[in-house]
Amino acid sequence: MSDRARVRWLQALSVLGVLLAWEAVARLGWVDPLFVPAPSAVAGAFTRIGRGALAGLGDTLAKTAVAYLLSVTLGVGLGITIGSVRTLRDVLSPFVVVLYGMPKILVLPWIVLLLGFGTTPAVVYGTIHGLFPILVLVMGGVRDVDRNLISVARAFGASTWQLYWKVILPAIVPTVLAGMRLGIVFCLLGVLIVEMFAGVRGMGYVLGSLANGFQAPELFAATALVSVASIAIVLGLDALNDRLSHWRG
Amino acid sequence: MRVVALRAVILLAGLAGWELFARLSNPLLYVPPSAALPALERLLTLQSYPDLLASLLLTLREIAVAYVLAIGAGLAGGFALGLHRVVGRAFGPILAALYAVPAVVWYPSLMLFFGLGEASKIAFGFLLGFFPITLAVLAGIRQVNPHMLVVARAFGARPPVVFAKVMVPSMLFTLVGGLRTGLALTVIGVIVGEILGSRRGMGALINHAYGLFRTSDYVALVLVTLVLIVGSDALAGLVERRAQRWTA
Amino acid sequence: MSGRPPRVGDLITVEGVSKRYQSTSGPVDALHDVSLTVTAGEFCTLIGPSGCGKSTLLGMLGGLVAPDAGRVQVDGQVVTGPDPRRVATVFQDPGLFPWRTTLENIEFGLELQGVSREQRRARATELLGPLGLRDFAAKYPRELSGGMRQRVAIGRALAIDTPIVLMDEPFGALDEQTRLLMGEWLLDIWRRSGKTVVFVTHGLHEALALSTRVVVMTARPGRVKSVLDLPLPYPRAMDGLDMVERRAKLWSEIRDESLRAMGER
């Protein structure tokens, strides 16, 4: 059997095996159905939560989209600015690193005190969450642009504007794409956290209430839903990334 | 030198600006630095929160347990996937897919299953820390120079010896980097877990201060928690630097 | 042509070995029906165009490559795997372990054989002198030059004190001057140790300056084309008439094969 086929078999068998074992364990009563629902119960729950969960997902994704737009714009913009001006970079780097390294969760309660419950804190926190990884990445990318390329451009008489437009920006495209790929996960994460902590709508809130209500099958179903959605988003971005980078070989 | 001076200026200007802004608008909401320091003092002398030490120890314990579990599972999983080609190709993509899911999505399920106590925080911390360690093992294995393995074989080393004397030292630096990241994420996982819902621990204290609008105490608690986080990472950094000795 | 039939005193016998590899463009015959003998104490060089299978053949002697047909015997026993008690190998890529110091790298083979720490250290330290690395005992590979690293690799091979040492283009990655000096140094080490060396190289100069016997291999699939005996004293006058003639002869043997090898590509 070829390696490829063997791999597929292993994947299929293990997924099937886990599901069957899980179903069996649940039916035999070895686990409390309140805490660990059978896969069949979870499957059934999909229809029950259907509309509510999808609405919640949509809400979350909308907030994420706004936060994402903001963090990418700010992250790339600031990243290029700070990264390309020597003085700014030298002076501000440690501040950026500290802010990047600081776990944002610690300021979340304060942000909620400031902005209340609901959409605004979610978008703000999501933006902050996604901003710093992108910023740090782009700063590094700009700093690492091959000095030779810049020397060549200057030798050919490029103005500062031309230098940015024709050398630096194209050179950092891979880094920006990497940052964007990273940013979406962080923004989504930030939004979900706020929804769980202080939300009235959205997937985080839905998951939280289902957990509080001990509705295990529904919770598992909703979790599966949001997992699939994020995997799809990330895979989609990867495919986009590949398409845009085909010239790099 | 000029750079350091500029940084100092920015820092001082920032603090002064904050002080002014907070005083003029709403000192309760925007805690000025002048209010934060006394709050810190109250906290450290156990006046504002007498059970600070117990909370700190609990959080540390949760982190320790979660991290040990993450190392165990991370190393086991990483080597199982990395050393067996078929197993790696089968479960690698599954792992990568799971990694694309924001971890907090699992937390409500963990809370349902484990309750509000330590266990759910440990489980969440474990979940967060396990991935970077596994990924580091995989990356480490991939970057081992295959020629080293040929040389070892040529000198008659059997597979377990090749593993211990060549593969492991060769990937040590990458591995330790992963362990450091794993610790950082485990710490964050435990703290996020506590803040999102717990009865005890540093996160619970933070929540308590937040709920009662005790903003300056909140700031003090955050500062103490920051010390915990930075301290653990600094320790990990020390270990990582020792491992750096061995890279080519 | 396979040389003469095996005799007592032959340390290595290669009997009709062949090797075929599967490549992306179909099967490739690296070696076809190669037979060869090496006597104890020789410095036997394998020379030939790129792709003639000399590295594969060396791999067979070292137990790292299994022949598809035929067999290799070392000291009367068929080779089935690496035998660090009889054969040590030096590769073109020194393959030093970057986390070990010079001494620790030299000790590697001894460590695997369970030699005690004190003995290992003593043996390795002993070798530092002849290796010219006395001041570099505690350095790491990244602090050494290419030539030094290769000397450490050779030291590692010498440390386990095997009767046979295989060398696969050990000086190939070095600049010419270093290569010449390393050749002189290697000659000195070999003559003092009395080991049997099987040496693979591209270089005519190296082959003629160092060897007691040169085996010329054909282009792929590799076979033994001819064997040149060099019963000359050391050190050799490379500019003497005698040597110039031998060099011309060797080159004419190799040239055709090189052209054939290039034509294939």
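Note that the chains are named A, B and C in the order they appear, and that numbering of residues resets to 1 at the start of each chain.
To be clear about the criterion, contacts are C-beta pairs under 8 Å (C-beta built on N, C-alpha and C of every residue); 3 or more make two chains touch, one makes a residue touch a chain.
The shown structure was predicted, so the numbers you read here are calculated from the model rather than taken from an experiment.
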(request) Name the chain whose C-alpha centroid is most distant from the C-alpha centroid of subunit B. (result) C
(request) State which chain is most central when centres are taken as means of Cα atoms. (result) B
(message) Of the pairs A-B and B-C, which shows more C-beta pairs in contact?
(response) A-B
(message) Could you work out how far the Cα centre of subunit A sits from that of subunit C, in whole Å?
(response) 55
(message) Need the CA-centroid distance for the pair subunit A / subunit B, whole Å please.
(response) 18
(message) I'd like to verify one number: the distance from the centre of subunit B to the centre of subunit C, where each centre is the average of its C-alpha atoms, in whole angstrom.
(response) 51
(request) State the interface residues of subunit B toward subunit A in the complex, per the touch definition above. (result) 3, 6-7, 10, 29, 85-87, 89-91, 94, 97-98, 100-109, 111-113, 187-188, 191-192, 195-196, 206-207, 210, 213, 215, 218, 222, 225-226, 229-230, 233
(message) Applying the document's contact rule, which stretches of subunit A touch subunit B when the two form their complex?
(response) 3, 6-8, 10-11, 14, 35-36, 87, 90-92, 94-95, 101-103, 105-110, 112-114, 185, 188-189, 192-193, 196-197, 203-204, 207-208, 210-211, 214, 216, 219-220, 223, 226-227, 230-231, 234-235
(request) Show which residues of subunit B lie in contact with subunit C when the two form their complex. (result) 145, 147-148, 150-151, 153-157, 161, 165-166, 169-170, 172, 245-248
(message) Help me check something: in the complex, which residues belonging to subunit C touch subunit B?
(response) 62-64, 82-85, 88-89, 91, 93, 95, 97-99, 108-109, 111-113, 140-142, 156, 160
